[in-house]
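You will see two complexes here that share subunit A, one where it goes with subunit B and one where it goes with subunit C.
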Partner chain A sequence: MASISTEAGALTVQGVRPSKKRTPWLTVILLVAPFLIVYAAFLLYPTVRVIMLSFTNADIAGKGSYIGTANYVKLWKDPLFWASLWHTIYFILLTVVPNTALGLIFGLIVVRQKRILRGIVLVLLFMPYILPVSVVTQIYLWVLSAAYGIVNFIFNVRINWFQDPYWAMPSVAFVTIWWTVGFNMLLFIAGLEAIPREYYEAASLDGAGGGLRVFRYITWPLVWPVTSLVLVLQLISQWQIFNQVYLLTNGGPFNKTIVVLMYMYQQAFTRYKGGYAATISLALFVLILLTSLVQIRLLRFRGNT
Partner chain B sequence: MTTRGQSLANTVTGFLSVAIGLVWIFPLYWAVNTSFTVDEKTAQIPPYWFPAPILLDAFKYVIKNTAIIRWYLNSVITSVAIAGCVLLLTMMCGYALSQIRFRGRRFVFLAILAGFMIPGATNVVPLFMFMNSLGMVNSYWGVILPQLASPIAVVIYKQFFDQMPGELSDAAKMDGATDLRILFRLFLPLNWGITWALAIILFIWSWNNFFWPFIVISKTPMMTIPVGITQVQSWYGIAYPRQMASAVLAALPTAVLFVIFQRRVAQGVAITSGIK
Partner chain C sequence: MKRSLVKGILLLVILCAPLLAWAAPTPVTLWDFLSGGDGVRWRAIIDAFNTSQSNIVVNATTLTWGDPFYTKVHTSVVAGETPDVMTYHISHFPAGIKAGDLRPITEAELKSVGLAFKDFNPALVNLSLELSKTYGQAGTIYGIPLDTHTSIIYYNKDILKKAGLLGADGKPQGFTGIDNFTKSLQKIKGSTGLLPMAMSSSNDPASVWRMFYTLFSQQGGKLAANGQLTLDQLDTYGKTAMQAIGDWAKNGLIPANVDYPGSVALFTTGKAAFMFNGNWEVPTVVDMQKKGTLPFNYGLMAFPKLYGTAATWADSHNISIPNNDKKPISAAMLKAVLTWVAYVEKNATAWAGGGHLPAYLPVLNGPDLAKLSPVNQYSGQAAKQVTLEPVSPVFGVGAPAYNLVANYLTPVLLGQISAGDAVSQFKAQLLSAAE
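And then the complex of A and B:
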């Protein structure tokens, strides 16, 4: 490496300029094609195929015939689909804002610490994020178990957290926040560290006083770009909630926690209705797409101001 | 006086923050604690706060009676393959998009950017049908291939190569270096930091990925470890120490990676979410 750069330096000194050459197509294809083939086959093609499938009565092997918009009519009249959509939105309401707020609080806690202490606190708060989801759910099925769970023991209650119609979804939401808040915290730490220290020094010289005022007028507005990013990333990923619900409640009790992706999964892989499952996927895809478009609008808007 | 007051305040907030961290991580401690005990102890009231004596029965049982070693192997093979292939493919594509002027370059880049909007989860039905028609259900290929289509990594590499000074590659070209040589001998060594951070975060993500392996694998010996451990319960009913032992074993590799490469993991999270 070092030798190349010194040679390179010598050449520039000689003032030789590279001549314009024809496009090296062979190299371009060699470099671009491998990724593009994988990308087209496993991301673009399935996206197009989902639309095509939604107009068929295909089974899970993909065999079936064109049935027009019958799947869409069925979806519109399907109470279980609307229930799953409502549960997904309820889950989003329970997670997105609290998870973002807690991420910011944890970020503020970590950036205040120095050296070793900072490393320790960061590891403790971030650790859950690097666990596989099934490890997290196994842990909570034990910690929150009705009979011998430690949480029920400590608070001296007898709640069956994941099977109680009232507590099931909030419990899934809590487990999700516990698992993923570290990710938000890391983004907030990056944002908080980007705030120039002089702002805080100037504030203390001006006698801006209380920590709350400094937070309100300096930290909050300057960290807002990260906050909006975290909110949207959350929203996009929470629309796709499946794993935690499947592993903790399996949609129960009484379908109280069935979510859109889970309904799609059941239609596809336990009832073998590929066409209808594709229609459900497409509905979810459109909702997520709208969220992403809002994100782009938000970023543009902020860019202009 | 103020400095003394401040240092006292720092000590107090320091202790407080560690306390918050310990409370937050408590469920994980509880899992480890339980994994070192035996079934009868889990029903004890008051509960067992510390694993004394440390009993390895649950670990021995899980290793002997489940396919956990095989699941480990499956996870290592697929995660290493995914991280390695994604890096290679996206690095090459990002290099061409950044350094070579060719007709259609802008179109290719926009097409890749559009991929950001596609949530992988809504594609599983056609993807499963596709893998089924290729005969790749219940195979390593079935797990690996769909996880290679990572547009974000292409964009990250393109942006990093865009920042490389133009004279560097011009000079190397004058010297007769091919594009491949410039990429692997000049740009790659200059970007080891970013590649390393991406490698670790990609490995952790694919190790932890649950949804797709869960869809494409139904045969127990082919499962990756996060999917496999969910079988432990159905194999011998509810037995918390065994379940916690399998959970601890499943979490160990990424947890160790994280503790060792903390900064790289943080960097990986930041660059893949567009903060840096």
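And then the complex of A and C:
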């Protein structure tokens, strides 16, 4: 006797035995093969080659001889690599949480608007995201220009934002947040709109009062899946920061904004040291993997309380 | 009847198609990095070549100058998807030959289009042959010299006159010797309130390097010998040079953080008395004056002698053929490329209009160049002061040194580091880059 229930949003059919037909292996293989072939050719194979490359002293053309773990020893002792690591971590601290927070705030702003105003606000807040990175950096090279920039003009300062050892990284972080917050905002809008209106109505009926209490006890927990998703996505993508640094500061001043991928790029394409660059990129891969696994665990743990 | 007629015409067209391909001109792909004022002259030469004959069509693509260009060339060589011909700095020859990016050119190949080694500036050819001996195949050259280009001083006659620094001959007076030079710059600032010398430094390590290398070489400094780095003079002459530049910036005699287009704009709008720049911006001021958009009378001069000698940074554009192991250049394509090169060399007067000093001797020593104004205001003197970049894979356009200049020398202008610390860190980084 079959019965259908909807428990926790999932559809289950109970009391029906699964079919005993043979799995059509040929169909399975044919359907999965195209993806597997592309995946193997463009993801697995290059990864394997990079791992192999890191054990050689190859140049960018990939021709070199086996040198064992010499590259890894060199990496461990390389002060510029560790410096680039700290700079990347500093950048992550400057962008991951602020970007997520700002995305949530903008999302809250947008969902409160009605009809036309909502469309206008949404477009304005999302527009930077559609610009290519080179356009964004060109804009900010002028806005934050030391001699002709409008920011220096308005605040009457003469800071060379992208060449100042103290302000360079925060400036890059600011540009990054300005550019990418739109995407996070969209995710949050979807998450916020998925919260049933009844909860808010019930809360106001029960005299929940001020917006802050409603936010803390209703909105925040219910939008938490989106928040944790955005945090994880942000972490993974900010570990890989390269474009903005390359275009805005080129690693300077005094290599103070050089990040791991920028260092890898210099080793690979300016110094033509392919083997060593492969080692750097593998180190970054392991770091991203470990930190995002840790983060997922922590967030899931927090979310369940 | 009609159907077979249509079929017949179709067949005829299909049979004629190979004829069309055979009659089509040979397309030559050229990569260059000439996007300054001289780029306009360059494209005019290419267009003139294309219209002057119908066998060869040169399709030029202008790429970003500097590091990105050489990286792109190297990756194209690795991938086997190279252009047929490209421009290349002689200062990057050590790195380029070593990386296997360039194809050697023999004198016999040059002779096939009526050129020979002796037709070119001996300083450039001898250097090229030496580089080939050290890094590649002796007896060949890895690029045909096109020009020598150097840093010059563009000056605003009206501002200098107001400051009382213009001689009776209409040329700047009181700028020989480092102390006179600095004092005169201060006089300009004091009496007119305008910027004495426009020089770019923001996002432009090349300009800082050129000024530094000029002042360093004028004191007799050398950074490489016999293919080895000799960096000890950085601590003495290098420090003096960097100190001078840093003091100029501190006292407002040069801007501390203006970028390249900004520095050109400062001069061409009449807000700076001098501009320290390469000769490639000569067409910019020439064209502006012709259009009447230059609000002052300008002059050009070779960089003055501030220390023991009058040496001035210089580099040389060459026309090189990329090395392609997978698809080596065919004999027909080589002939087409060399034919175009011969045309460019013989019409080097047009290229000199871009401000450069041609490498082809018949043009360099010919009557047209002496008459070419305003290039002749500096060409004679500048040619004597030419000091090419140090010969090492670490130096030259697109090599690690430029990046290090941005990180360690430019901050001196911003007052972020002392000259002494800057050069010692610069030296340490150069040594580690050379490994």
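Criterion: the second predicted complex is superposed on the first by the 255 of 305 C-alpha atoms of A that agree within 3 Å, B and C clash if a C-alpha of one lies under 4 Å from a C-alpha of the other, contacts with A are read in each partner's own complex, and residues count from 1 in each chain.
As a convention for this text, a residue touches a chain if its C-beta (ideal position, glycine included) is under 8 Å from a C-beta of that chain, and two chains touch if they have at least 3 such contacts.
All figures in this text were calculated on a predicted structure; none of them were measured in a lab.
In the superposed model, A:61 lies in contact with both subunit B and subunit C. Subunit A is touched at more residues by one of its partners, and among subunit B and subunit C that partner is B. By the touch criterion defined above, A:252 lies against subunit C but remains apart from subunit B after alignment on the C-alpha atoms of chain A.
Once the two complexes are laid over each other on the shared chain, residue contacts for A:269 go to subunit B and to subunit C alike.
In the superposed model, A:148 makes contact with both subunit B and subunit C.
Within the superposed three-chain model, A:216 lies out of touch with both subunit B and subunit C [touch as defined at top]. Looking at the shared chain after the overlay, A:297 reaches neither subunit B nor subunit C. The contact surfaces that subunit B and subunit C form on subunit A in the two complexes overlap at residues 60-62, 141, 145, 147-148, 269. Listed in rising order, the residues of subunit C touching subunit A in the complex are 67, 71, 74-75, 78, 99, 202-203, 255-259, 262, 398, 400, 403, 406-408, 410-411, 414, 416-417, 433. Contacts from subunit A toward subunit C in the complex involve residues 59-62, 141, 145-148, 160, 163-165, 250-255, 266, 269-272. Looking at the complex, you find that subunit A touches subunit B at residues 1, 4-5, 7-9, 11-12, 16, 18, 23-25, 27-28, 30-32, 34-36, 38-39, 41-47, 49-50, 53, 58, 60-62, 109-110, 112-113, 117, 119-128, 130-135, 138-143, 145, 147-148, 150, 153, 178, 183, 186-187, 189-191, 226, 229, 233, 236, 239-240, 242-243, 247, 261, 264-265, 268-269, 274, 277-278, 281-282, 284-285, 288-289, 292. Interface residues of subunit B facing subunit A in the complex, by the touch rule stated above, are 13-14, 17-18, 20-22, 24-25, 27-28, 30-31, 34, 42-43, 45-47, 89-90, 92-93, 95-97, 100-103, 108, 111-112, 115-130, 132-133, 145-146, 148-149, 151, 154, 167-168, 170-175, 177-180, 183, 185-186, 189-190, 204, 207-208, 210-211, 214-215, 225-227, 229-230, 240, 243-244, 246-247, 250-251, 254-255, 257-259, 262, 265-266, 269-270, 273-276.
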